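Here chain A shows up in two complexes: once beside chain B, once beside chain C.
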Partner chain A sequence: MIQAVMVMSTQGKPRLLKFYSFQPPEKHQDLVRGVFQLLSARPDSVSNFIEADAIFGPGVKLVYKHLATLYFVFVFDSSENELAMLDLVQVFVETLDKCFKNVCELDVVFNFNKLHTILDEMILGGQVIETSSEQIMRSVEEIARLEKQSNTTSLIPKSISERFSR
Partner chain B sequence: MEQLRTIGRELAMGSQGGWGQSKEFLDLVKSIGEARSKAEEDRIISRELEHLKRRLADPDVQRRKMKELLLRLVYAEMLGHDASFGHIHAVKMTHDESLPLKRTGYLAVALFLDERHDLVILVVNTIQKDLRSDNYLIVCAALTAACRLIGEEAIPAVLPQVVELLAHPKEAVRKKAVMALHRFYQRSPSSVSHLVSNFRKRLCDNDPGVMGATLFPLYDLILEDPNSYKDLVVSFVNILKQVAERRLPTSYDYHQMPAPFIQIKLLKILAVLGSGDKQASGHMYTVLGDIFRKGDTASNIGNAILYECICCISSIFPNPKMLDAAAETTSKFLKSDSHNLKYMGIDALGRLIKINPDIAEEHQLLVIDCLEDPDDTLKRKTFELLYKMTKSTNVEVIVDRMIEYMINITDHHYKTEIASRCVELAEQFAPSNQWFIQTMNKVFEHAGDLVNIRVAHNLMRLIAEGFGEEDEGADSQLRSSAVDSYLRIVGEPKLPSSFLQIICWVLGEYGTADGKYSASYIVGKLYDVAEGHPTDDTVRAYAISAILKIFAFEIALGRKMDMLPECQSLLDELSASHSTDLQQRAYELQALLGLDKQAVESVMPSDASCEDIEIDRNLSFLNGYVQQAFENGAAPYIPESERSGAISVSNYRAQDQQETSAHALRFEAYELPKPSLPLAASQVSISTPNTDLVPVPEPSHYKEGNQMSRSQPSGDSLSGEFGVKLRLDGVNKKWGRPTYSSSSTPPSSTSSQQATNGGSGSEVGRSTSSQARESSYGSKRQQGTEVSAEKQRLAASLFGSSAAKADRRGQAGRKTAKESPSTEKVAIANATPQPAKEQVIPSAPPPDLLDLGEPVSSNPPSADPFTQLEGLLGPASASPVLSDAPASSTSKTPDLMSIFSDDVQTGVTGGTTEPSLGVNVVAAKKGPSLQDALQKDVAARQVGVTPTGNNPILFKDLLG
Partner chain C sequence: MHRSPMAPTPPAPVPAPSLVDTLFQRSLGDLVKFLRADPSAAGESTAVARALSEIHREIRAPDAATKATALQKLTYLSSLHFAPVASHPLAFPAIELIASPFLPHKRLAYLAASLSLHPASLSLLPLATHQLHKDLSPSTSAAASHNVSALALQLLASPAAAAAPDLAAHLAHDLLPHLSRGSPRAIAAAARVIAASPSAAVPILFKPLAACLASPDPRASTAAAAAFCELSAPPADAAPFLPLAPDLYNLLTTSRSNWALIKVLKVFGRLAPLESRLAARIVDPVCQLLARSAAMSLTFECIRTVLTALPAHDTAVCLAIGKAKEFLTAEDDPNLRYLGLLALGMLGPTYVSTVHECRDVIAQSLGDADSNIRREALHLMMGMIDRNNIMDIAGMLVSHAAKSDPEFANDILGAVLAACGHNVYELVSDFDWYVSLLTDMARSLHCAQGDEIGRQLVDVGLRVQDARPELVHSSRTLLIDPALLANHLLCPVLSAAAWVSGEYVNFTKDPVELVEALLQPRTSLLPMSVRAVYIQAVFKVITFCCNSYVERLSDSSKEVAVGLNGLSIDETVSEGRKAPLVSGDEQITVPSMMEKDPFSEKSIIHMIDLIETTVGPLFECNEVEVLERARNLIGFVHLIREVQELKESKVDDDEKHSWVKELVKNMQTVFSQEIGPVSLNAQEKVSLPVDIVLNETLAELDDIVSEDDTTPSSSILFYPRSHGSIENRNEPALSLGSSSLLSEHRKRHGLYYLPTGKTEDEPVDYPHANDPLLPASNESSLDDKSNTAQPVTGGKKLKAVKSRPKVVKLDGEDFLSSMVPSANVPKEDSLSGAVRGVLLDRDLKPSSSQKASDKAYEGIVNKMETGGSSSQWKNNVDAELVGHPTSSSRPSIQPSHEKESTNPLESDGKEVKEPKRHRRSSRGGHHQGKHKHRERHSTQPDVPQAPIIQDFLL
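Let's turn to the complex of A and B:
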């Protein structure tokens, strides 16, 4: 299963943390730091896999993608396929791109709740449930539409809900 | 930082007019981005958290505002700040009617809490309600939260609703319901075991997405018990076939690949089901062949499926045609330029060579390339492959490579792993003894502190026992080559502690065995080690024991050997060492020098480190003593579990305190300030007699700590002295280092005293002190039980934990336990043959000597042990009589407790106590450093089981 999804900046600042297997909150920053150290030590044009059993326990690997100023990291155990996980990162990034139109770090920073929504459509309980970015987008838009509707009924000014919608 | 400045700039320009968040949030992110230090960032966030705390608690805040506040809280927590004050607000928000707020609430709750959190109970009800909602989004949100938050106890509360949702019209809901059930299964398999049929049913769901989701729980179930699902093999193969033939809607395609994640999962399932099952595997070959044929090696996901196919083929019943296809694909992976594919290729190769080792041969060069690759991940994977490929023919190359790599990495975790692999391979396949020793030397030199200390012990064992099948000559050749290499290495700086321990032990045991090196040369080297590591007590202890052995062997051979002057000064220094262990060793060495040849031969027999020692597991030598105690009216021992009544710990604390204050000699201040002393004393005196018998181990540990802190134990009574030792055991269990096994100490030292005095001295001491105590007890409470407890305590103090052990047994099967103490003496005589009485005292301690690295408090710091003993006896018998009632009772209670704490210890450890006791006796003959290994060995021999450990092969080899 997938144990965690992390998005962090190339400075090591977490932008999104989602753990599917329980990690005590006080440990989160250590994990981020540990992963970042691994990532930053790696040269370009090497494989996208790292065996991370020193950080997460035996058999745990992580696959990462370095895009612009962000690292996208998926942490998973031996029941997943590394190459498939790499493509899942791709799905995630593609979806973000569709969602934000030329996604940049700022979008990720300010809309991390939307990222969570997207991830919830892709991964549930540590298992991949959807890999089509179109399908994910449809679900996310549907959620946004319905939220907007309920927003109007709950009398929240439209100017806010428009930007706020998820 | 640069990037964050850009953020700031863009914000200032307002080019995109914000991202839907309020200005405050933008400002927060901006100021964090511009923070120059971690401290500044922390300041900003704590200010923000203060602000949020105020706002969240404010009842007038608009609800829509609440959402944003909560998101800001999530943000702060993501950056590593404690936002626990807001958790309750997140929980509250899940109750909200409005969808965005509810979803935000669920999001925050799922991020903040986990199933064990106290607040989850408040969410369960909401989840329950929302699962019944008409709005499928709310249901989805609730299911997502349920996956995260529903723990084992809460499963029954939501299970019926989740099961109902399996038939929901929306496929997204069905999918999530399946996943939620899967999650419940992971949490607690029993809670959903009756629902397994639902998974099978959902496998036929109209929606391929739901079917795909069902594969996850099925995979887990099949891993657990493949045989119950063999009937599904055909269905799985059919599904895989349909998927591979693009029968699914194109919306499931990913990069022109039909539903790749479903294919991968199916292949994983088939791999499990087909493992070792020829019939099931037979169904799979066709579809696997199809997938290989259609395989798309251009795209990432295509390769993922191919790789999964290889895994499947290597797991199911082998088929030559399939294997060929797999090998071909593997070589494509290996030849690829992509590091990712090379990595997968190496992994695939590792799987295939299990079936056909020859496959690796044709890829040798590619593998070597991967080994040279700058990519660390690939390199490690390749080492893993090599590890699997190792045979006796290639072990030298592979291990040399591994060691070379090991030397250059800094990652401790991996270094440890690769070091242990080197050790394992070297032990399994070593072509020659010389090579083996050299390899181990290298491993220890560079990663000595990282490998398990047991490996070191095993190496020593190996050197001591030889390789088993070879003759004595080869063994001694092995030893002398070890001695040679160690003498070469020992001078090098910065050797790891465990390596030095090996060196010292080997030099001590075999340094002079072949007569190549003179004793004084070896002693000089050992002296250098001890001198060069003034802070490492363990190494020093090994060195001093090794010196002792050299001297012992020399004396046994009838050669006179003078102590080097610098060595003598080292001994003097160690005699006053803070470490009681070192002190004891130094005294023992000095004592040994004064013994005659015969005595030395018995104490330190040459090359006897492998000999077995008889162990009296039943401690029958105590039976007589126990019987005697019964005849004197002692009450039977009651195991702790059967005793009733718990007394407040503070009572005992007070007693301890009182006890310490009752003694006349004290050289240090109390460690802890203890208020209400008089009150405590009065409590003690009015407490019911029963209380004293109630086992409360903690206070005794506490007291022990107090006593340990005193450098001069001589001020204590005999009971106190022994009490210390006994409690040491309790402490060991409670807080001690894992290697700390002083349970063996008290029996040895006490028994040796017993032996040396011929039973007279300590016998007297025992009776006088017990009498004294009896009288003082009697004056207060006239309770037979206490008297017996008193005796038991003494027994415990004289025989160590063994007495308590016997007591326990006495309680269970008292009638059987009736043998005279002479048995015990015989047992001791076997192990430590006793020389002349007066001389023995110094020489008796060898067992302790060998208690490596364990603080032994028994040895007096700077006086003849014998006189010391006498000195101890005096106060013991005197103090209770002299002191008034409360004081005497208190002085006693800790001792009682010491029994109990010891009982507790023996009770808990059960059989292990005795082996360790035996080992101590064993240790009299053997080198110190083997203790761990021996302990294990002795235990194993007695139980008749080959010990298992992290590395069973180690033992397989060594035990033959």
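Let's turn to the complex of A and C:
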């Protein structure tokens, strides 16, 4: 299964973290730091896999892509195929690119919820549920449409209208 | 909604947020901007702290919108800024908002709940059970309901829910309609639920999940294959999934989704070793995929499956190797090259020649820019090493280490040291070469393996007699190099070199040079522990030189009179010992006279002078080890000096001569005893003194420490220990009562016991440390000893190349290396038990993991029983335990024990095997019983039995 998905800046700042296997919250920072140390030590144009036994336990690898100022990291165990995971990172990046029209780090910084929505359409509980970026984008747009729909039904938050009517 | 000027934070205890707060609440976007305003670490942490206090106020707001925004901000902070959400966990507001009819709020709440992993929030999660139940149940408005149930499934599959297994168990039934629809989400969630609480979820969810494998919807079957791949992953036992083989096979031959195929291949890779007929069945489709597929991911998965699970099918393996080689030669893609190396690493020992064919590519990969590729290449290189090519490969690797970056250089050196030192230098046949390789490694630029190199230098010296001249020679090159002294990583190596030079000083070509090297000024840079070794080495060298001098005097006794005037020592005598030495770069100039003869009086006096000037100041040293050795050395040197002074005062020559001779001889005998490796069983071999009765005082403790399961034995008898014959030592000196206690203790705390050795069966082991019967210089007796060590090391030594020198190996060393891995007993996991309960007949054979654990146990027991006296007692005791489970019958054992002790050892061993085995099997039965019980518990009567794979395969 996929153990975690991380997006972090080349400065080591986390931009998106999602763990699919239990990691105690107080450890998250150490995990991010450990992964970043591995990533920053690697030159460009080398393979995209790192054996991460020391950080996540035996048999766990991570695959990453370095794009502009971001690292996209997927952490996975022996039940996943290395190259398939690499493809999945590609799908994720493509989807972000489509959703944000040329994604940049700022999009990722300011769209916490949307990023999670996209990721959740792709991976559930560490299992891949959708691999087509078109399909993912359609679902995300559908969700946005539904949310907008329910938003228009109550333009003014109920609490405020309540307060004024009081 | 913006809150334009930063309002000062209000005082801490504010009960509820005001209307202003609500109206001007900062959104998540505002918060992110605020946090980015000051990117410094301190600025960020104050901003986070401030935002947190704000959120804690807002989250108590009565209206949902304010609460939702606060929750969103809190989720963000705890997820990406690692804000400690200690006392006010996300969970409570999250659970409140999950019930919101307003979709955006619901989404936020579900996200918060699935991300929050705080223990406090986990304990609250069950409160959401009812709402989850509602959200999972299908309702009328299709689109929204689909969305809502997707959210619920998301939460159910999150690690937060996995940590609260009750939740998953309660909601298992709600997954069923989604599973029957073939929703990939539901399938993935079901896999997580089963993994979280197998006993409750398997009976409900396993069948519907298995049905999804055969679903016509490719999305469903792909998700199901992934789910079973996850569930069968180690450490879980794959055996219960064997009945799914027909469906999986169907998928393998018909599916066109690479994702599904990869997962199916992975499952088959785990199943094939369990069912022999499976491999033959899947090999054709796998080969077809391998030949046809254009997707690299699928190709690699096929290679992996063939190499790990189908190693007996040669054509398939050849095809896979061909593909792997294609990967290796992919110049532009480091990923493929890395995976190609990984694939070669999976090849079993039967295909070593294939790996050899790729040796050039692998060697080239050692210099790759990618550390993954380098590491895999090193791994493969180490796998290739055998007795014939070790000099080639190790030499190449060590020279490669010099060119590599420090980290990898040390990886290489560590790997070479481990490979060469494995099983007491099993692979090394030319020890002269190995010793010089060790010194090369020590001199390697980034070497940080000083400890291991030093250990091996000494170890080779102790074990391999033939290597000692080269060892001394190599040590000299290390010791005379002043540049090495400053490198603190090399201290252990220098320490070993100094020890070796001192211990085997008789192989030194130039002792004077050695003493000068050991006392050179830069030795002050060494740590005290190493200096102590240096000084002791000087002591040994000077003793040796004096002894040679004295011996020569007595050889040419005619010249005694001239002896101590010394300058005209007989040249013919010294010819043999004299060395064509290379006086390298030592700083102290040596008088030309001494270069010719290291054992002349003049050179000895030179050494003594040197010692007095350099070691003398160490009397001030506050390190006792150094101080003590310095005093010893100086004391000895002073005695020699006195002799010299006597000479000047014209005392009688003869008396003088005999005095100095006696002194030197005595000193020499102190150092002349051979030091050998010490066996792990050494302690057992130390015979007990006659008058010692070890248990005397312990007997008084007996009623204090009596345990409830063993009645304190009322009559503990002590046989006086008799000595002198091996048979007597075999006889247990204790009564059975206490020996059963002893063996009981041994069983429980076996870890802390010394292994029982073959002491009595093979009395001709390696000589004990400091065995007085074996003087160091006695060549013949050493040879003899090494020969007798041969049977201990086993038959494989005999196969070795003839030129290989004898390597002393002790019996205990084999034992230890084989003991450690086998102690790792796999344990039964609850998931496989539960799954098996659903799928398989109860009466089916016990699972493989259970068998494995039994086997491992057997292995351990057999290891423990490798002959020897104490194991004999243990057997007796085991026999007794089976025959007489209650300890009340103990007195009746006494005669049988006496009878047994008169038996010869061999028949004794056979006799006790029987009850031993019986006991083991009864233990296994107990296991099974427990296991069945659990299965019965988890199996529901309404679950139909699955078809068993055997039918399909035939």
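Assume the second predicted complex is superposed on the first by the 155 of 166 C-alpha atoms of A that agree within 3 Å, B and C clash if a C-alpha of one lies under 4 Å from a C-alpha of the other, contacts with A are read in each partner's own complex, and residues count from 1 in each chain.
Keep this in mind: a contact is a pair of C-beta atoms (placed from the backbone, for glycine too) under 8 Å apart; a residue touches a chain by one contact, two chains touch by 3 or more.
Computed from a predicted structure; not experimentally measured.
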First (chain B), second (chain C), both or neither touched by A:D107: first
Which of chain B and chain C A:L124 touches, first, second, both or neither: both
First, second, both or neither for A:D77, with chain B first and chain C second: second
Touching partner for A:E147 - first (chain B), second (chain C), both, neither: both
Which of chain B and chain C A:N48 touches, first, second, both or neither: both
Touched partner set for A:V60, first chain B, second chain C, both or neither: neither
Touching partner for A:S132 - first (chain B), second (chain C), both, neither: first
First, second, both or neither for A:L96, with chain B first and chain C second: neither
Touched partner set for A:S9, first chain B, second chain C, both or neither: first
Residues of chain A that lie at the interface with chain B and also at the interface with chain C: 14, 16-18, 22, 25, 28-29, 42-43, 45-51, 79, 81-84, 86-87, 109-110, 112-113, 116-117, 120, 124-125, 127-131, 142-143, 146-147, 150-151, 154, 157, 160, 162-163
Chain A residues within the chain C interface of the complex: 1, 14-26, 28-29, 42-43, 45-51, 77-79, 81-84, 86-87, 109-110, 112-113, 116-117, 120, 124-131, 142-143, 146-147, 150-151, 154, 157-160, 162-163
Touch list for chain C against partner chain A, complex: 19, 22-23, 28-29, 32, 36, 61-66, 72, 76, 78-80, 82, 84-85, 102-104, 107-108, 111, 115, 117-118, 143-144, 147, 150, 153-154, 156-159, 162-163, 184-185, 187-189, 191-192, 223, 226-227, 229-230, 233-234, 258-259, 262-263, 266, 295-298, 300-301, 334-335, 337-339, 369-373
Interfacial residue positions of chain B with respect to chain A in the complex: 1, 3-4, 7, 10, 16, 18-21, 25-26, 29, 63-64, 67, 71, 74-75, 77-80, 82, 97-101, 103-104, 107, 111-112, 114-116, 135, 137, 143-144, 147-148, 172, 175-176, 179-180, 182-183, 186, 209, 212-213, 216, 219, 251-255, 260-261, 264, 268, 300-301, 303-304, 307-308, 338-340, 342-344, 373-378, 380-381, 411-414
Residues of chain A defined as touching chain B within the complex: 9-11, 13-14, 16-18, 22, 25, 28-29, 32, 42-43, 45-51, 53-54, 69, 79, 81-84, 86-87, 90-91, 105-107, 109-113, 116-117, 120, 124-125, 127-132, 134-135, 139, 142-143, 146-147, 150-151, 153-154, 156-157, 160-166
